[in-house]
Amino acid sequence: MTGTALQTTYGISCLAVLIVMGLGLVRAILGPSAFDRLMAVNMFGTKTVLLISVLGFLTGRPDFLDIALIYALVNFLGTIAVLRFFEGRRAPACYDQEATEANKD
Amino acid sequence: MTIPDFITAFCLILGALLGLTGGVGVYRLPDFFTRLHACSVTDSACAFLILSGLMFQTGFSLATIKLFFILVFLLITSPTSTHALAKAALNSGEIPWCQSQKER
Amino acid sequence: MNHLPVFQVLLPLLGAPLCLLVRRGTLSWLVATLASWGGLAISLALLHHVSHTGPITYNLGNWPAPWGITYHVDALNAFVLLIVTTVAALTLPYALQSVNLEISEENRPLFYTLLLICLAGLLGIVITGDAFNMYVFLELSSLSAYALIGLGKRRRALTAAFQYLVMGTIGATFILIGIGLLYSLTGTLNIQDLASRIALIPASAYGHRTLITAFAFLTVGFSLKLALFPLHLWLPNAYTYAPSVVTVFLAATATKVAVYMLLRFSFSILGSRFVFEQLTLGKIMLLPSLAAIIIASLVAIFQYDIKRMLAYSSVAQIGYMTLGISLHSHTGLMAGILHMFNHALMKGALFMAMGAVSYRVGSVYLTDFRGLGRRMPLTMAAFVLGGLSLMGVPLTAGFISKWFLVKAALEIGWWSVTAIILIGSLLAVIYIWRVVETAYFNPLHEIEHGQEEAPLGLLIPLWVLVGANLYFGIDTSIPVDMASWAASALLEGTMQ
Amino acid sequence: MELFIDITLLTFLCITAMAITVIRKLFCAVMLASIFSLLCACLFVTMDAVDVAFTEAAVGSGISTVLMLAALNLTHSREKRPPHQPLVALLVVGVTGIVLMYGTMDLPVFGDAAAPIHHHVAPRYIEQSPLEVGPPNFVTSILASYRGYDTLAETIVIFTAGLSVIALLGIRDRYAGRPIPSDRSAMKDYVVLRIVAKMLMPFVFLFALYVQFHGDYGAGGGFQAGVIFASGVIIHSLTLGRDRTLKAFPHQFLRGLATVGVLIYGGTGLASILRGGNFLDYSVLAATQLKGQHLGIFLVELGVGLTVFSIMILMYYAFSYRREP
Amino acid sequence: MNLAGHYNYWVAIFLMMTGFYVVISRGNLIKKLIGLNLFSTSVFILYISLGKIHGATAPIADDRFQLYSNPVPHVLILTAIVVGVATTAVGLALITRIYEQYGSIEEDDIRIKDESL
């Protein structure tokens, strides 16, 4: 493995993933609707998977990819859980006045 | 740099670029469905490129198999969640942007 | 025989799943009772062993001390173990009938399982020689206590349990922070090893500030768990609304074990010189202790729910224990340790009497006590005797610890403290008298009730405890010797 | 680079925590708490704590979030009033924080290899454990052998939590012996989701088994495997309906399984007493020390896995069956 | 003492205090529980920070590496995480029951309902 050049690319992709995570975080905080937040969390989870995979290569120990795998699983579980628990609610409790007000703007 | 290294670097950089595009989209686009679209770019293309880029570095080992599984898992689950999310949003009365523009 | 220390905890710990497996209320009760009696036998054997051949160390997993977890039984340990197992061995026989009335049928096996786990947790805290293991067992006992309190019949039991959960978890997290800081300074978790390595950190050296912070966090955490005066808010509600059996058990054991942890950390780990001379724990604890004695007793006087009244009285009594510690003399420490034992006896008896009353009458408001002196003569007689012990009347166990406490205060010439101890006792007279007056001198408000004594299953354990109150008030040698021995060991800073 | 990632993650954590404080919609707070936990897990990976990251991901953003959502579903999901007495709270928090900062001033610098914490007990684990205990994963050897007793207590903690939840909420065995009626709890509308979930199930279970039995060599172990297995079952139950899951894993069976798990752990300890060692001294379980340790750790991890798996599902049942006709 | 060297600890303390603040200042029971989670998770960060060594790798034996981070805090925190989730579950069960009995999960409402009895 030729060290530095590859290390730099790993670094760049880590950086990019971190930036995307930050943008996702902003979306999760701003909302406005519950679905935006859910989407942001979902995206955040996927980016975590990527970050951990790349980190494994950056630090030279790529044998911890199991963690990335469990993140993917947990992420899926979380999304389903939200959809399932708030399925029946037409105006879900999570999707309340503040959100509709924000949408009107 | 050997050829696999080159491919890796290419995939990673391209993946990073796509990720950034998607991220900006998630932040900037006007309504939920457009943002979901941007999000799905980062979930599928970016993840695919980065993970397959990494796969060129492992030779053929347990790590390759794990990466492959993560890739397959992500490629199955994230479109599914995106689909389910869009459907749930539509069901609960979220109006796509273009339509709400027309109504105005 | 050399496996005794581990079986002390294992018996209830592994008895609990068995309790769940049998799935029938009465059978579970039987398993739980046997486990608790076995526990009592083991703690007696341990006490005997420790007093004759010195402290016992047991390496779990056969890993030597700082690498594995060890059990270490010394004088203080053995004494507190005896308190906890005695109360458990008397509470469980008492539980059968009370639980049959208060807990729904499908929950009974779960109830006994949780009670055994709570017991195992408390025993585990006391016996262990490893700081982190102590935290884990602390959480084990607290977690089961939250659920047990939440099983109370009235809905306020739920809010009480939640309040306890929040405050208890904050306390436990503080303790976790404290242990983490100590660990970061020394690199070890074993209590003896911690003590010897902390002794090497001289004052004003690097690391000293961390030590002070660790001590502060541990003290606040333990104070939350032992309900020291301004942090006692969870206790009255929890004890009032929990099922009778749970109140008896927790009131007599949980706070004592928290006091034990405080003693262990401040004397055995940090060293009494550091804690008392540099950090002035004595002065820090003195004010809350005195405030607890006066204010909690005053509040108790105005309670109409008698369980609540006794709960406030517990807060006051905890004040006596911490007062004994804060005097920082052999007599004071001994009085504090002795009061742990005596308070377990008297509060156990009083809350058992409450359980018996609520078994017959249904609730324990002051008005329910009218004419109860005639209706339930044995229960009320026991209540009166327990109350006398709480006041500290001579020839009861309560007198002994108060006497030593007064003696300790006089030794260092703190007259005002002596006065406050006596005022506390007077206040206890007032709140106990309210109940006695209602029970004996108010006419029956419903005439049709004849004599309706509580069943024997409740009365026997109650009277055993009352008998112990009287016995240890007359023949004081055993607990006093034990407490004195434990106190001198603590002051020397050795784990003898 | 690592320092940069570390600092970025910490900054994200601060932002998330502040947002949790401010936001009054509980649903959002739960979502943000899930993000918080994901970030924590990333941070743990950068700080080399892979096992902790594994568990934090599975527990913090997996099970905790599901339970929170389930509870939210049963209660209100919006905070009513702005905080009362924020000043007193701020004062208490400020004082605590300052005391803690004061305490950390004497701590060794972050990442300092000369810190006392790395020099007393820890080196023995790193140097000796492959020879004394066996597994290359030091965390596994400490967890299951050196400090195996803590892990027994931990297993019983989770057992207690499960029992407490059941005692407080109760699970009704509604369809004991009767045919299962058409299921209203399934996500009928989401055909794609259902198919995908069904398809993924065997792989999730395979992954759980891998984590269970590979924990000696990589990250993971009984606890994580139990959680993964339970997550699989919970996904099944969320998409295809709880009643089907209840039929496959009746709650009485799970209760028994949880108990058996605890008893396997305890029994391993007792077996070592019977064979003349101390409690949890696995060395005496087989002919040589290493073989004995290996057997002991295997059994213990199995016990943990079984208990965690069944308790997690039981807790999920308890919440999910609470408000039903 | 240098600033960068203690950044990790101080951020962990800030997070702890944020969680602590949520617990004691909020009246909503679920919010309290979230705060409690935040509080304990931040303590975990502190512990793990204590175990990190610069230039070391994850504590899993590998011939290519010599220096490993301290595994002991990891073990302790694994146990503490389990304790945390156990507490959360019991707390949520209590909250669910409280909501059923009182119709609210706000401390103030509950207090009013208790006093009106």
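Which chain is which? They are A, B, C, D and E, in the order written, and residues in each are numbered from 1.
Just so we're on the same page, a residue touches a chain if its C-beta (ideal position, glycine included) is under 8 Å from a C-beta of that chain, and two chains touch if they have at least 3 such contacts.
This structure is a prediction, so every number in the text was calculated from the model and none was measured.
Within the contact network of the assembly, the step distance from chain B to chain C comes to 2. Considering the contact criterion stated above, the chains in touch with chain A and with chain B alike are D. Shared contact partners of chain D and chain E comprise A, C. Averaging Cα atoms per chain gives one point for each, and the point farthest from that of chain E is the centre of B.
Top contact pair of chains, counted by C-beta pairs, is D-E. Distances between chain centres, each the mean of the C-alpha atoms, put C farthest from chain D. Put simply, the C-alpha centre of chain C and that of chain D have 31 angstrom between them.
The mean-CA centres of chain A and chain D are about 20 angstrom from one another, to the nearest whole unit.
Chain centres here are Cα means. That of chain A falls 48 Å from that of chain C.
The residues of chain C that reach two or more other chains are 132, 136, 139, 143, 146-147, 150, 177, 183-184, 189, listed in rising order. Residue positions 22, 38, 40, 59, 63-64, 66, 69, 73, 75-76, 80, 83, 87, 92 of chain A are each in touch with at least two other chains. Shown for chain E are the residues that touch two or more other chains, namely 16, 20, 33, 50, 57-58, 60, 62, 72-73, 76, 79, 83, 86-87, 90, 93-95, 97. Of all possible chain pairs, the ones that touch are A-B, A-D, A-E, B-D, C-D, C-E, D-E.
Remark: chain D residues 1-2, 5, 8-9, 12, 15-16, 19, 23, 25, 27-28, 31-32, 34-35, 38-39, 41-42, 45-46, 50, 53-54, 57-58, 61-62, 65-66, 69-70, 72-73, 76-78, 187, 189-190, 193, 197, 200, 204, 207, 210-211, 218-220, 224, 228, 231, 234-235, 238-239 touch chain A in the complex.
Contacts from chain A toward chain E in the complex involve residues 59-61, 63-64. Residues 16, 20, 23, 29, 32-33, 36, 39-40, 43, 46-47, 50, 72-73, 76, 79-80, 83, 86-87, 90-91, 93-95, 97-98, 101-102, 110, 114 of chain E are the ones that touch chain C when the two sit in their complex. Contacts from chain D toward chain C in the complex involve residues 99-100, 102-108, 115-122, 124-125, 145-150, 152-154, 156-157, 159-161, 163-164, 166-168, 170, 255-256, 259, 262-263, 266, 269-270, 273, 277-283. Interface residues of chain C, counted against chain E in their complex, comprise 132, 135-136, 139, 143, 146-147, 150, 155-156, 158-159, 161-162, 165-166, 169-170, 172-173, 176-177, 180, 183-184, 189.
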